[in-house]
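Data block below; observations after.
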């Protein structure tokens, strides 16, 4: 069973290369940070692409048994289809963020070590390492440590600007996140007490629907929901994501909240397949629906652009939870379609939201403010950025051609064909509301009546291009075929019916 | 022989526990900080000393006994120092 | 009644207490304290599970025991980080109200 | 056996009532004081659960360093009297009911376990010999689940980075705002001169026996940190600036050595974080020794807080 496969070492490298970067940065000091990042980002990117390529071409998961100690005594790392997709997406978004932030957080060559560059790059690398550890982890306690690593890297990013409001947002985020980790750990303890292992593959064979498993699953899901900011546990998210510097918001909104969502999916689909319960799945989707509706309505009512984008994240997270009722207990081929649709939504939202936060950041930088009411005419000053915002918006709304459209179409189709048509109403309403807030911004920006606004600070064309490239990634996901994806099924024998 | 040692241990440890109890009562009942400090340190010195003394015969080797004694000495030392510090702070507070 | 059950109940009560303090105490420092009580309950549960798994001449299963040691260090790190944030917030604003008024109802669902 | 259970019942009752007290106490100062007592009692509970390694860690970190951190915070917040009132009554009742439900569910699961006790103890003991260690907990930490331990060291480093990151831009590279009571011939100075040699020896001893008996890098590191803070508070050694080269090296050396040995394992022992069979124990001792230093420095700096003063040239 679990034994190291060829190429398994890549999994270790995906986790430790960023850590090596952080350690070197501490040892050599911040003056070398530009050069360290210049080496580590490409190296780590290459590793991520290789992992993706190996899984894509072989159709088999990669496994690495750390230290040669087989589970349950030791820890294994495992990459299946969804890990591969997440790892590649993470690599693209983080590297794009790196290029986007290169100027803002550049350490001057002959100046003494500066705070912002030192902290920002170390945190970015730590987030990358933690996310990879989450996507590859096959042991629930190891995943707890990875989850904490992610928290510790994400929270300081929120208050990097250092104002009273961001400290408050960071503290609130931290308290929610710590509560979430503790509930997760509590569930982990109970699973170990019940089954004597925390290895996901071994657990999946043993977990039966009995009280200990139910309580553990419930606690762990609650904890992870707090970290994913699913309504009504979303209160920490908007101030935190809106308060961070643009590059930080992009990573936080596009990737960090997805890390804990990924764990919820791992838990329900991989660690405890024996527990799959339609009622629980419905409950998660109900919370998701509430998130879509409330998040979108609140986004419409925001007066600041970055807050609007942050509330849109609250809404878009909701769609991910349709994965549960539409896959669990449903028949092929629709459950496979829903599986693909759910993950595609996650990936396209990652690209679109990163692009959107970067665009919002550029607008705020150029104008010196991000009040939506005063955005009039900004489209004539920053046409490229507003196009980026619009393209990302298409994906969020679910208008073709875009990854968001394909994803939502698959989910919609699955919900109707499975006779759970009520979710499709929520999806349509969510799409309309998203259209509302996107056009509210675009309408202001391109309004013919407005004067050309004064520019506080010009923004570099290269940064605009990076944001546009991410938005185009989200659009290009719209061209994946409308059928269950083979890649996302790799390593999942329990969902049959996929034509290979 | 063993029984004698056991009885000795019981007696010494009980005496130590009693001193600690008395110290605690003092801590709670004495009127001001300085007298409370006095009660606390007496309990520390004598109580812990009695307990360590009582436990010595129960140790199976020299090394373990030595560890016990050094624990007592360390507590003595740091306790005395910290008490001094607290007392000085209190006196400074009174003068001000 | 044996040691395992006794400390198991103790762990369960501590978890509930920590959760309670986290929800009802508005001051961030008190919330941090409550989180520490909560985590001590969780760790104790690991310890109880370890004690229940006495075997091979050991007083307890060393695997959960090692996990607790890792957990204590992580919990300490988070306390240090949270306390530093509270102090910085105080320095910036002269007060440490978290403005948690709207965050509270959400936490209620955290259990 | 009956005596034991009476003691345990007393201990549990005390633990719970002290926890209740620290949650409901009116003012923050007493809450923190009580919490420190709670930490010490908790170490006693760990001894009763036959987990001496954890008892040491809890006493050193859970009660010691955490308590110091909270007290320092309290002094800086200058909080006196009662703090803000707790939440409104309906919320308190709702929260109370919810928390009781959680406690009840957990207790029920503890009292009526569904299966046989689970344990990996035999598996650990069967393969512990291969590592040359005798302390099974150290075996799990540094051999079987060493990836967890390695990542957790990175977490510790990140926590320090997070604390530092709270400083304003201009103070980066400055000196942490630890309060120094420099007063010649004070008792504190005497204490700071005499205690550290003993403390450092205790730290080294703890780290050394960690391979075979309870103890190890964490406990040793915490003692080291306490000694360092004592010396700094007494004004015998300056608080270093956060960009000091030696501090940075000391912080990173443990994780770096750990990672380097782990990577070397790929080439000489066929797997990341595997040790070549004959050299396992010496390598682990090297890792633990460097980690003790790094942990000591990191914990000390965590307690010292973010930089608050500019470095004097």
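Letters are used for the chains, namely A, B, C and D, taken in the order the chains are written, and counting of residues starts over at 1 for each.
In the analysis below, a residue touches a chain if its C-beta (ideal position, glycine included) is under 8 Å from a C-beta of that chain, and two chains touch if they have at least 3 such contacts.
Bear in mind that the values here come from a model prediction, so they are computed numbers and not experimental data.
Placing every chain at the mean of its C-alpha atoms, the farthest one from subunit C is found to be B.
Centre-to-centre separation between subunit B and subunit D, using Cα means, comes to 27 Å.
Note on chain placement: the centre of subunit C and the centre of subunit D lie 14 Å apart, centres being C-alpha means. For this pair, subunit A with subunit D, the centres built from the Cα atoms lie 31 Å apart.
Subunit A and subunit B have CA centres that are 57 Å apart. Annotation for subunit A: residues touching 2 or more other chains are 73, 141, 145, 148, 152, 155, 159, 167, 186, 190, 192-193, 196.
Counting partners per residue, subunit B has no residue that reaches two or more other chains.
Each of residues 105-106, 113, 118-120, 124, 144-145, 148, 152, 155, 158-159, 162, 166 in subunit D touches at least two other chains.
All chain pairs in contact, by the document's touch criterion: A-C, A-D, B-D, C-D. Remark: subunit D residues 186-188, 190-191, 194-195, 198 touch subunit B in the complex. Within the complex formed with subunit C, the residues of subunit A that make contact are 73, 141, 144-145, 148, 151-152, 155, 159, 163-164, 167-168, 170-172, 174-176, 178-180, 182-183, 185-186, 189-190, 192-193, 196, 222-223, 226, 232-236. Across the complex, subunit D is touched by residues 4, 9, 12, 16, 19-20, 22-23, 26-27, 29-30, 64-69, 72-75, 112-116, 118-119, 122-123, 126, 129, 133, 141-142, 145-146, 148-149, 152-153, 155-156, 159-160, 162, 167, 186, 190, 192-197, 210-212, 215 of subunit A. Listing the residues of subunit D that touch subunit C in their complex gives 4-5, 8-9, 12, 15-16, 19-20, 22-23, 28, 31-32, 35, 38, 42, 45-46, 48-51, 53-54, 57-58, 61-62, 65-66, 69-70, 73-74, 76-77, 79, 83-87, 91-92, 94-96, 98-107, 110-111, 113, 117-122, 124-126, 136-137, 139-141, 144-145, 148-149, 152, 155-156, 158-159, 162-163, 166, 218, 302-303, 305-306.
Considering their complex, residues 74, 77-78, 81-82, 84-85, 88 of subunit B touch subunit D.
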